[in-house]
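Each remark here refers to the structure printed beneath this line.
Going in written order, the chains are labelled A, B, C and D, and every chain counts its residues from 1.
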Amino acid sequence: MDFAPSPRAQELTELVRAFMTEEIEPVEAAYHQELKRRREAGKGEQWQELPIMKELQAKARAQGLWNLFLPAGHEGPYAEKYGTLGGTGLSNVDYAPIAELTGRSFIAPYVFNCNAPDTGNSEVLLKYGTQAQKDEWLDPLLDGRIRSAFLMTEPAVASSDATNMELTAVIDGDSIVLNGTKWFSTGVGHPDCDIFIVMGLTDPEADRHHRHSMVLVPRNTPGVKIERMLNTMGFYDEPHGHGEVSLTDVRVPRENFVSGPGEAFAIAQGRLGPGRVHHCMRLIGLAEKSLELAIERGTSREAFGKKLINLGGNRERLAQARIAIESTRLLVLNAAWKLDVGGAMNAISEVSQIKVAAPRMALDVIDFAMQIHGGGGMTDDFPLAGAWTGARSLRFADGPDEVHLGLIARLELMKHGVSR
Amino acid sequence: MDFAPSPRAQELTELVRAFMTEEIEPVEAAYHQELKRRREAGKGEQWQELPIMKELQAKARAQGLWNLFLPAGHEGPYAEKYGTLGGTGLSNVDYAPIAELTGRSFIAPYVFNCNAPDTGNSEVLLKYGTQAQKDEWLDPLLDGRIRSAFLMTEPAVASSDATNMELTAVIDGDSIVLNGTKWFSTGVGHPDCDIFIVMGLTDPEADRHHRHSMVLVPRNTPGVKIERMLNTMGFYDEPHGHGEVSLTDVRVPRENFVSGPGEAFAIAQGRLGPGRVHHCMRLIGLAEKSLELAIERGTSREAFGKKLINLGGNRERLAQARIAIESTRLLVLNAAWKLDVGGAMNAISEVSQIKVAAPRMALDVIDFAMQIHGGGGMTDDFPLAGAWTGARSLRFADGPDEVHLGLIARLELMKHGVSR
Amino acid sequence: MDFAPSPRAQELTELVRAFMTEEIEPVEAAYHQELKRRREAGKGEQWQELPIMKELQAKARAQGLWNLFLPAGHEGPYAEKYGTLGGTGLSNVDYAPIAELTGRSFIAPYVFNCNAPDTGNSEVLLKYGTQAQKDEWLDPLLDGRIRSAFLMTEPAVASSDATNMELTAVIDGDSIVLNGTKWFSTGVGHPDCDIFIVMGLTDPEADRHHRHSMVLVPRNTPGVKIERMLNTMGFYDEPHGHGEVSLTDVRVPRENFVSGPGEAFAIAQGRLGPGRVHHCMRLIGLAEKSLELAIERGTSREAFGKKLINLGGNRERLAQARIAIESTRLLVLNAAWKLDVGGAMNAISEVSQIKVAAPRMALDVIDFAMQIHGGGGMTDDFPLAGAWTGARSLRFADGPDEVHLGLIARLELMKHGVSR
Amino acid sequence: MDFAPSPRAQELTELVRAFMTEEIEPVEAAYHQELKRRREAGKGEQWQELPIMKELQAKARAQGLWNLFLPAGHEGPYAEKYGTLGGTGLSNVDYAPIAELTGRSFIAPYVFNCNAPDTGNSEVLLKYGTQAQKDEWLDPLLDGRIRSAFLMTEPAVASSDATNMELTAVIDGDSIVLNGTKWFSTGVGHPDCDIFIVMGLTDPEADRHHRHSMVLVPRNTPGVKIERMLNTMGFYDEPHGHGEVSLTDVRVPRENFVSGPGEAFAIAQGRLGPGRVHHCMRLIGLAEKSLELAIERGTSREAFGKKLINLGGNRERLAQARIAIESTRLLVLNAAWKLDVGGAMNAISEVSQIKVAAPRMALDVIDFAMQIHGGGGMTDDFPLAGAWTGARSLRFADGPDEVHLGLIARLELMKHGVSR
């Protein structure tokens, strides 16, 4: 149970920390202001990437802070070409403090080419893609030339039970034909988002976990339509956004299956594990950032003759936030370590544990920070409203709390020989 | 301790219920869609009132569902002219079930001319206004011809301690000169919002609770500037909105003091009591509406072979929501009843109790409803995101939780003879 | 929704309040000390009633403070003979403030002949008993000459599902023969406890809710054995206690059925409603008493240069306790009022709501009081440890929280036309 | 951040696990029954140690499972003579899994000579004792021939602020004279408890943290009187117990100061750190044991046609318990590791964090276990009532939650340069 990052990871962490302080933090306010100006101008410009993003990416890449998420164990040409460490990759424990730092900012993960869902999609292609699929999609993804989306959740069914998915991905000769509607397709708003991984029903007669497939669908395929971008708690998260996408008689070559028909669940299991851990790592950073803001506000304003932080139960809430952050960070490190030493199957309960614990912890800390900011805490003068919304959405994304709790309980009972 | 509404109030409640069902609910979706269309068109049209609002107002008024908030005990020409009951007014207990119903909809309070802050401002004018002030501002407010705003909170200080307020309202001969900045000035976005009640510092030498005054400032007075409309959790709440307003050498006649210089705290105490109770009544309705949505969703979708409501702890959460709503409704009724039988000073603790309890209860219920809706619960396909944001803002508005808890504790200790 | 007690009830409340202050509070410490002395002497004397109890009962009875629980609507010879009001009885709303007062003391309910389970047992006999049963058992119960017990819960099965009960009460000619074991049989430790109402399985072939019967079993019937008295959280609650009782070939005449074979569930439903409400009323008093102790301690001791109550979040906790007590009291009154106006079937959800809410509220308040007392709060120098244990046991007694939550949810869903 | 125990510690852990399973668990029920028999016999025999304890100690010692708490870094004759590892000692991280195991049983810590307060007292003597003090008291303590007590908390003042302590320990020539009263003096009930470490006020004129001293007071010194043993939540925890002790003109030689007059706070800081960590380690084990009992009960009983664990929110509560235990265990390991790498001053916040988090976590898990056991969970048929009481008392012992939260907040603010 060694949660210490390797020396190389520590160096990278310090480089990322410096980059955050020197390059990202100074420009964030202006970035969000310009984004807001565009949004409110009503011309849709907010869906274009701001030029500064490519500049920041170039700077980060020049320092070797690029694709740091690329996991150890995938040595090979792509890792060598685009990975930071000459292709050896960081362990999950190594990556944790880096991801935590990037979680302090809405734009940082993208700057380092480490943002969801591109990370998960890259991992899928790396692990399950054919050479042709890799050449066509993985190469530009790791190079930052294109973006990707993952189309899983559907508006018409309870997608918490993934076997409910109704979009069809039927084999028709040499083609796959897709029909149906997805939503919460994160990233489809971005102009560079060229490739979708779509999960669909291929064989309703197969057993429950072999009915669905993952299919590579280029965005410009006829029949693909972005019906709308979703507003979540008032936010669109431009330019990436979360879209509702309809697929009507969308036809792609049969080669576009990832790993073959009926393999969606097998792939998803592996894909979602690290993705969930990354989300949780970033939530730790988001909570730390929020707590810093709370302390800053609480010690710089006064009411009733005292600093805000010294009123009522505020200090106790500060202490509770510290306890909550520390214990959740350790829980995340533990899941990362279990993934490192034994792979996804070794960490099923641990990943579900953090998937439940981290968003709730972050929401509590952000809420405290918001409250100590007064009404201002809800405005876009501070990043707290966005932070809250991001953390809240992670109580659904990649499986709602309730599904993860159910899984933890089931594994716990299995330890005691109880199967149902 | 009789919480039963009078027969007349029961009749009105049923009329309001029918009006909600027949006139408001059927048009709400289209209303929000059109508002969204305008918002996203980027031309600022969302800050115009939609035509349907005046139509609905006319219908409601025709049925006598107009100014129902006007409290008993203010018999007189204005109550006679604009009140529902020939001027006798409803008690707080009578008004509770009506306000609860209007709380189910974002637009209903306005339709019945019962929305904050116009209600509180009208009460202030009714109770403290001179005849001239009433003629000029109260008459059109009750008639629905104009809207009003209440400018209290300031961006530069912790406004939870109202004595922190820095905007100056200085007497200069026959004038009052105002300088400073306010924010969270709800309603200033509306084109009809013609009059502001501004709270400012008049005499820094006076004792702590006699330094500030309330001043009537017409919106078009030179030096008044709406600096920006505030975005709260992604929402602008158009067309009313919450503004940041600067006042630079704004000069109004000395007659524009409400009740005289240094009287702001005395007025505020009376103004905020019923206003807080109204907010809490509406929150009960908002929670009921959210629980209905949760049940509807939870019983109409399935996962893992069961209705969502029958999975995991969902039924327990449903039951807890019922308990929380019932006990909070009773607490609100109790505060209303205490106000009715003994006035504001009789209900200080009770009003603070509901001001703490009602938003928290509502947030819990809405959060449960959101969770059972999956990601969709955060989108504007459902009113839950707006409901959450509205309830969250009420943990700050009219005094943050912490101030109310402090007040409750102080009163409790005073019962035991402890003054500090 | 009128929660105001009648003038007669208000008078009685004041009499009870005075009696508590003048007669009970002054002797409580000595009572508990003597009980402790007896307990630790190891001779079993703690299972004898202390002489002062009969003295207190006589004084209370002389003031008409006797059997106040006896409900309105049971006019008749017994109500006339032993009831306070010449047999008219108090409504549940009337009784609420009285029961609340008695809940402040461990001995008060008994002093007024208003203690569980005698109250519920008396109601059962009053409502369902034959004249002979009433003459033999109800008369001395209401006269305070004997005590009674209610034998329902069983050690070997999950009694939260009452249909699980396995003790048999089989008809054998003119006799009923009982075999099985019960526990948590409150009151069987008392030397005057002469009569048990035993719930047993009579006809396993009948439908689920008509299999069980209630049977009157005199304690001295051959085959009845008190196996042991139960220790709950370290307490025996002498001299009443909670016993484990075995019944081996216990034979009583067939006339000892209450209301006939198979009627246990029908009776239990009526019996448990008011009993649960009484428990909750008393819990309000217990919480108020605990909060008073917290304030007394918090304002009389200092640490770090401040009164304890002024440290950290203590004042906020005090305020939260006040909110919790007020809202739960109102919820209890609401259930009482629903019982009064429509009977048990009218208040099923409401009774379950308070059965969940009141013990949890009381536990929170008591825990706060305990914490502010430091380690002393757990000792028998203060009544808090006993209060906590009593409130905790009410999360099981008369149905665990989970069963009540399930019932509330079911009723809520039925409102929406969902039956499963 | 390496939380892995050393190979030697892992071996010891397995030995302890086996000893628990083979030697302790099989005799626990009989132990508690005999203790109960003695307690209820009223002859005080419960204050004698049961013979099996010495037998178990001998067996444990024979396997080298003795004084495992003795920390690394105290090499020397005593460690060599009585320590397990030839005097090298275990790190805190090494000791954690061992202490966790012993926390599953009320008697195990004693069996391994690893029980509070003897461990902390031994550490004090090891670190601060003179050779004579060590010879006289440390040698027999490590040998298990005597027991000890630590007299700190006082009944008359808020001892959460240790500077409140009023017992005087005044220098009078070659003597120290002690006067005052202590309570919650754990262990004084045991017949072998021969030595007390007493904290008293020596110089009221010194600065706030140099007024108090620690003094070695043999129990049989004239003037020492055990006034009574304290009942906490109904328990006496015989034969060790928690006593109230008066000291009246108690005179001991000046050599009995530990580390000199005025040094109490300096010593206490070091003493309480590891002691708190040990408590928290044991609480993890107690929670695990309780969760096992919950699962056992929840899967072996049925209600409403289902296993209890499958009803309502029970599986979610089980999952939440797993998350809470895991994250708290990691938090405890983190504090242990910080102690190991940097000593007490390096881990002040971390120790306070676990002192707040671990008892609350344990109480939640135990409460869940209790609830799933129904009323039985409160009886002494199960260890849950004792577990709850033990965990509850740790929200006061060694500093109440509120003091630790205050300390965490202060350290957090200091990181941001805020000193008050």
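Note that in this section a contact is a pair of C-beta atoms (placed from the backbone, for glycine too) under 8 Å apart; a residue touches a chain by one contact, two chains touch by 3 or more.
Remember, predicted model here, so these are calculated numbers, not experimental data.
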Winner on C-beta contact pairs when A-C is weighed against A-D: A-D
Identity of the chain that, by mean CA position, is farthest from chain C: A
Rounded Å distance between chain C and chain D, as computed from the means of their C-alpha atoms: 38
For chain A paired with chain D, centre-to-centre distance based on mean C-alpha positions, whole Å: 44
Rounded Å distance, chain A centre to chain C centre (Cα mean): 54
In chain B, residues with contacts to at least two other chains: 312-313, 315-316, 402, 405-406
Complex contacts: residues of chain A adjacent to chain D: 1-4, 292, 295-296, 299, 309-310, 315-316, 318-320, 322-323, 326-328, 330-331, 333-334, 349-350, 353, 356-357, 402, 404-410, 412-413, 416, 418, 420
Contact footprint of chain B on chain D as seen in their complex: 312-313, 315-317
Chain C partner contacts - residues on chain D that touch it in the complex: 36, 40-43, 153, 155, 157-161, 164, 183-184, 230-235, 301-304, 308, 311-314, 370-371, 374-380, 385, 388-389, 392-393, 395-397, 400-402, 405-406
